[in-house]
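Chain IDs A, B and C follow the sequence of writing; residue 1 opens each chain.
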Amino acid sequence: MALLEVKDLKVRVEEREILHGLTLTVNEGEIHAIMGPNGSGKSTLSHVIAGKPGYEVTDGQILFKGEDLLEMAPEERAAKGVFLAFQYPVEIPGVTTMNFLRTALNAQRKARGESELMVPDFLKKVREVSKSLNIPQDMLKRGVNVGFSGGEKKRNEVLQMALFEPSLCILDEMDSGLDIDALRIAADGVNALHSPKRAMVVITHYQRLLNYIVPDVVHVMSKGRVVKSGGKELALELEESGYTQFEDAA
Amino acid sequence: MPAVQETVERVKRIDVDQYRYGFETLIESDKAPKGLSEETVKFISEKKNEPAWMLQWRLEAYRRWLTMTEPTWARVDYPKIDFQDLYYYAAPKPKKTVTSLDEIDPEILKTYEKLGIPLREVAMLEGVEPKPGEEDPARRKIAVDAVFDSVSVATTFKAELKKAGVIFMPISEAIREHPELVQKYLGSVVPTSDNFYATLNSAVFSDGSFVYVPPGVRCPMELSTYFRINERNTGQFERTLIIADKGSYVSYLEGCTAPQRDENQLHAAVVELVAHDDAEIKYSTVQNWYPGNSEGKGGIYNFVTKRGDCRGNNSKISWTQVETGSAITWKYPSCILRGDNSRGEFYSIAISNGFQQVDSGTKMIHLGKNTSSRIISKGIAAGKSQNTYRGLVTAHRKATGARNFTACDSLLIGDKCGAHTVPYIEAKNSSATFEHEATTSKISEDVLFYCVQRGLSQEEAVGLVVNGFVKDVLQQLPMEFAVEAQKLISISLEGSVG
Amino acid sequence: MNVAVAKTGSGRAVSDLFASAEGRLPGSPSVIASRREAFETYERLGLPHRRIEEWKYTDLRALVGEVLPLAAAPDAAALKRAADAVKAHAIAGARKLVLVDGVFAADLSDVRALTAEAGFRTLRETLEKDAGLLTTASTDAVIALNAAMATDGVVLSIADGAQLSAPIQIIHIATAASASAFTRSQVVIGKGARATLVESFVAAGAKAYQVNDAVIVTVGDDADVAHIRLMDDAPDAVNVTSHFVTVGANVKLNFFNMTTGAAVSRLQGLITLAGEGSELSANGVNLLQKTEHGDTTLVVDHAVPNCVSREVFRAVIDDRAHSVFQGRIIVRPDAQKTDGKMMTRALLLSDEAEADNKPELEIFADDVSCGHGATSGALDDSLLFYLKARGLPEKQAQALLIQAFVGEAVEQIADDGLREHVIGIAERWLERRS
């Protein structure tokens, strides 16, 4: 069943069109990779899906579980199950990670009409997940991402993904700034979350990440459009021949 | 609409009309004739059954006041106050002499209940449930002195405190019962001639709290005073005097509220703290006087002189304040670090919204050797408010080894407000080490978006970030107050949340 | 408050200052009338004192007491001494404009070379027409006094797009003891111009003289300007200088002031960023000893959005000297995206030295990033010990650390030659330390 349907999406930033009619369908349980050179509009797509301010959608639509996503505030989208793992997770001084996790989780549950998670259950869950992600407990007592290394920040994103149990995870350049070991830990965390009901959209510049998170479908973006889609072998092909072959196609 | 702008819109809509404590209590009261004269001063002194020396002290202050002019250096702007158009004394009319809580006018008790201040000791004990492994439950008790307009209406836990040797009573009683202590210390930190408002207070103060902690005693519970201005056109002039004798410790909290009124009300308090050798005083304030409405009408003029004297060696005084109320705040809780190795601390959160004007900060005056001080100030300006930090750090010639660390951060919400930082840093000897840093910024849009992507609403996200911003200071408050203060911060900025 | 101090400490009537000078002040009758008006303002206010907030730490009434009579025009002997001073203090290759005891000295100046690249007149010449250059919006008594008494100054205009091949150096020389010099100058820098302006204040044998200078600078859009001031006065002099700088759009302005002399000195500057996209680097050093009192007061006013300002200030204070730094960053409503930072540090070399810092932020716009830092303290003992353990004598070890400390401000000067010149003055100051 289609989870996310992006139809002929046109997006402007400050009078300049970045996406020129992008179409993409992601079904439940699938892993999609979106690849493309810098400036092709990959991050713009992830930001528009999550509802980041500053983007103007001039045409097209985004449906999520059949509902119009563009009509929703960013926090409503989050409560519906859209999760964006940021390329550069922000630091929030003074707000402990633990407090942040609980506040966000309960806000989402409240929005869905669910009861708040009891503290012991919450703690148990956080402990389990953080252990599997190699996140030390004292890190959870520090301000959100404050003083975290690049790898720690990304693992913190995966931790939130595991806690909030979204149905769509968008991973924006998860591999940027990570060494191979940090990348493996984060990718293992992501793979563990893969389920028949949950879809993943992995945005990346390099094929490297796809050795760890194996996609069902690979899309190539260039100049604000999807120019080619295919199986995982497409990623390897790109690794060989680069993006230049697609520039004319766009 | 960009996230930040949306927040700004929302904060604009909120405004201070949502003041929760704006009700008025209808009770009969006993007032001095309007205006200020020697007769008014005598009237107050007489009402309080004061000894002759006290009246003399007041009259001297009054005569001095007549020669003084209002200070104009603060960044606050308000119409001239007509000091003859105020009542200087208003007391709830007693039915008869009050000997227990049951005899207090039930209307007043109801007022304090509405404010969430338990005057009934039993009710309070029930409300406190220490978790296993936490401190002794007795430690969590709070003794409360409630001041209604000009007089203290109830002081709780008197007996238990007496057992420990701690004196905690209205200052009007202390003047009669412990004249030797009051005479020795009153005006010794803030002299009657100190400044316009302190001098006015010296002439007409009607009540307030008095605390004396004897040598070596650790006060067995938090002491607390709640101030409430109820009467129309009434100035409230309370006077607090706290003395921590050698090696003693006391933690004191004060809270303030007032009804919503269109006219401005004047509040000019004086607080004096004295810490002897090895003594420590921790003084916390949550100030939530009525800030005026969304058009800037009404609200309290809060002109307060608070000063602590670290008179003894190794003494320590720590001020923590959460300032969310008042139309105008003019207040600089200060420390005179006289004793060698003494320490002063100032932790402040000042939030302004609507048309509020805040000019607040501290003075750390290093006189003794190896004295140290720390200032953490967090200012948050929203709406059309102006929020100024003004602080002095000075080390005198002989204050060798003096150290200070200051951090003042300001956060702006919206583009119609102002945040200002005015520090005076004076080093008069080479072994003084001062470090000062200040920043001004707004809540980053990226941080807000990160929070809403994780499911928080705009208000929740702002609340979360602001609470993170002020966390260093909130941590200084006793737990019960910290929770209250956190809620108050959300309300001041967001109205509906909390 | 004592309004009209009718008499000064030495018994002279305040009004004598103007009355005795009036016949020698240049200008048409209407200019003289506006001077008289300015003097009345000064008489009403008197010398600034500590109860005036801006002068809190520099109480001229207490420090100076009285304004000395106007210096006589320099005679041949004075000009001879001045010529020697010019040689000692001129920057290699610079076009010199010399003012001796408040009077422009054409023979000591490079007028011909300068006028090939820039417009030049003296203040005296412009005052024959009108009093325009004597007016400012300021309410400061010292500036009012300057407007009343200014005898001369330089009026420079640098054309749009002009790329000056050499720095312009204005040298103020005092030769007359126990007298005052009042000067006022104007510099207009055209759009896209590139210029370096240096101002030097020195003495040629004079003692206990007083200087009251005012400079009004306008910088056109896209200009690239370096402005260096060197206050290297005699140890018993008084020098109070006021600066008004207005900066257009997309300008790069590199400003630096160093004070290495004078019993009492103050630079009070107001730099207004009036065009978007400009970058200001404003820096300063106070090197003070004996009982010197040096005050640097700098207001940076962000009047429009999208400007960057950086301020680095250092004070080194020895003996019983007193350094004051007052720095204020103003961000006006609508001056969004302002990025303003200021760092001031004081190094106290003696137990009786004093440093007062007042770094202020006054912010009326929300989308800004502003901050300041201030520290004061002694030399780091562990660093001193390290150097001594490596064989350096105490004084030399100190000198090395002081140079490094001052270097953080001096290195902001972009031009290598000027930076070396400044370092030379700082080194001479270090050698003077007893």
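Here is the rule we go by: contacts are C-beta pairs under 8 Å (C-beta built on N, C-alpha and C of every residue); 3 or more make two chains touch, one makes a residue touch a chain.
In this text, all values refer to a predicted model and were calculated from it rather than measured experimentally.
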Open item on the list: If you average the CA coordinates per chain, which chain's centre is most distant from that of chain B?
Closed with: A
- [ ] Could you tell me which chain's Cα centre is nearest to the average position of every protein Cα atom shown?
- [x] B
- [ ] Calculate how many whole Å lie between the centre of chain A and the centre of chain B, each centre taken as the average of the chain's C-alpha atoms.
- [x] 48
Open item on the list: Taking the mean of the C-alpha atoms as each chain's centre, how many Å separate chain A from chain C?
Closed with: 57
Task: Gap in Å, rounded to a whole number, between the CA centres of chain C and chain B - done: 44
Open item on the list: Show me the residue ranges of chain A that touch chain B in the complex, using the header's touch definition.
Closed with: 50-54, 73-75, 77-79, 83-84, 86, 89-90, 92-95, 99-100, 103-105, 107-108, 111, 143, 160, 164
Task: chain A-facing residues of chain B, complex - done: 1-3, 444-447, 449-458, 460, 464-465, 467-472
TODO: Could you please specify the touching residues of chain B with respect to chain C in the complex?
DONE: 73, 397, 400, 410, 412-442
Task: Residues of chain C defined as touching chain B within the complex - done: 53, 56, 333-334, 336, 346, 348-378
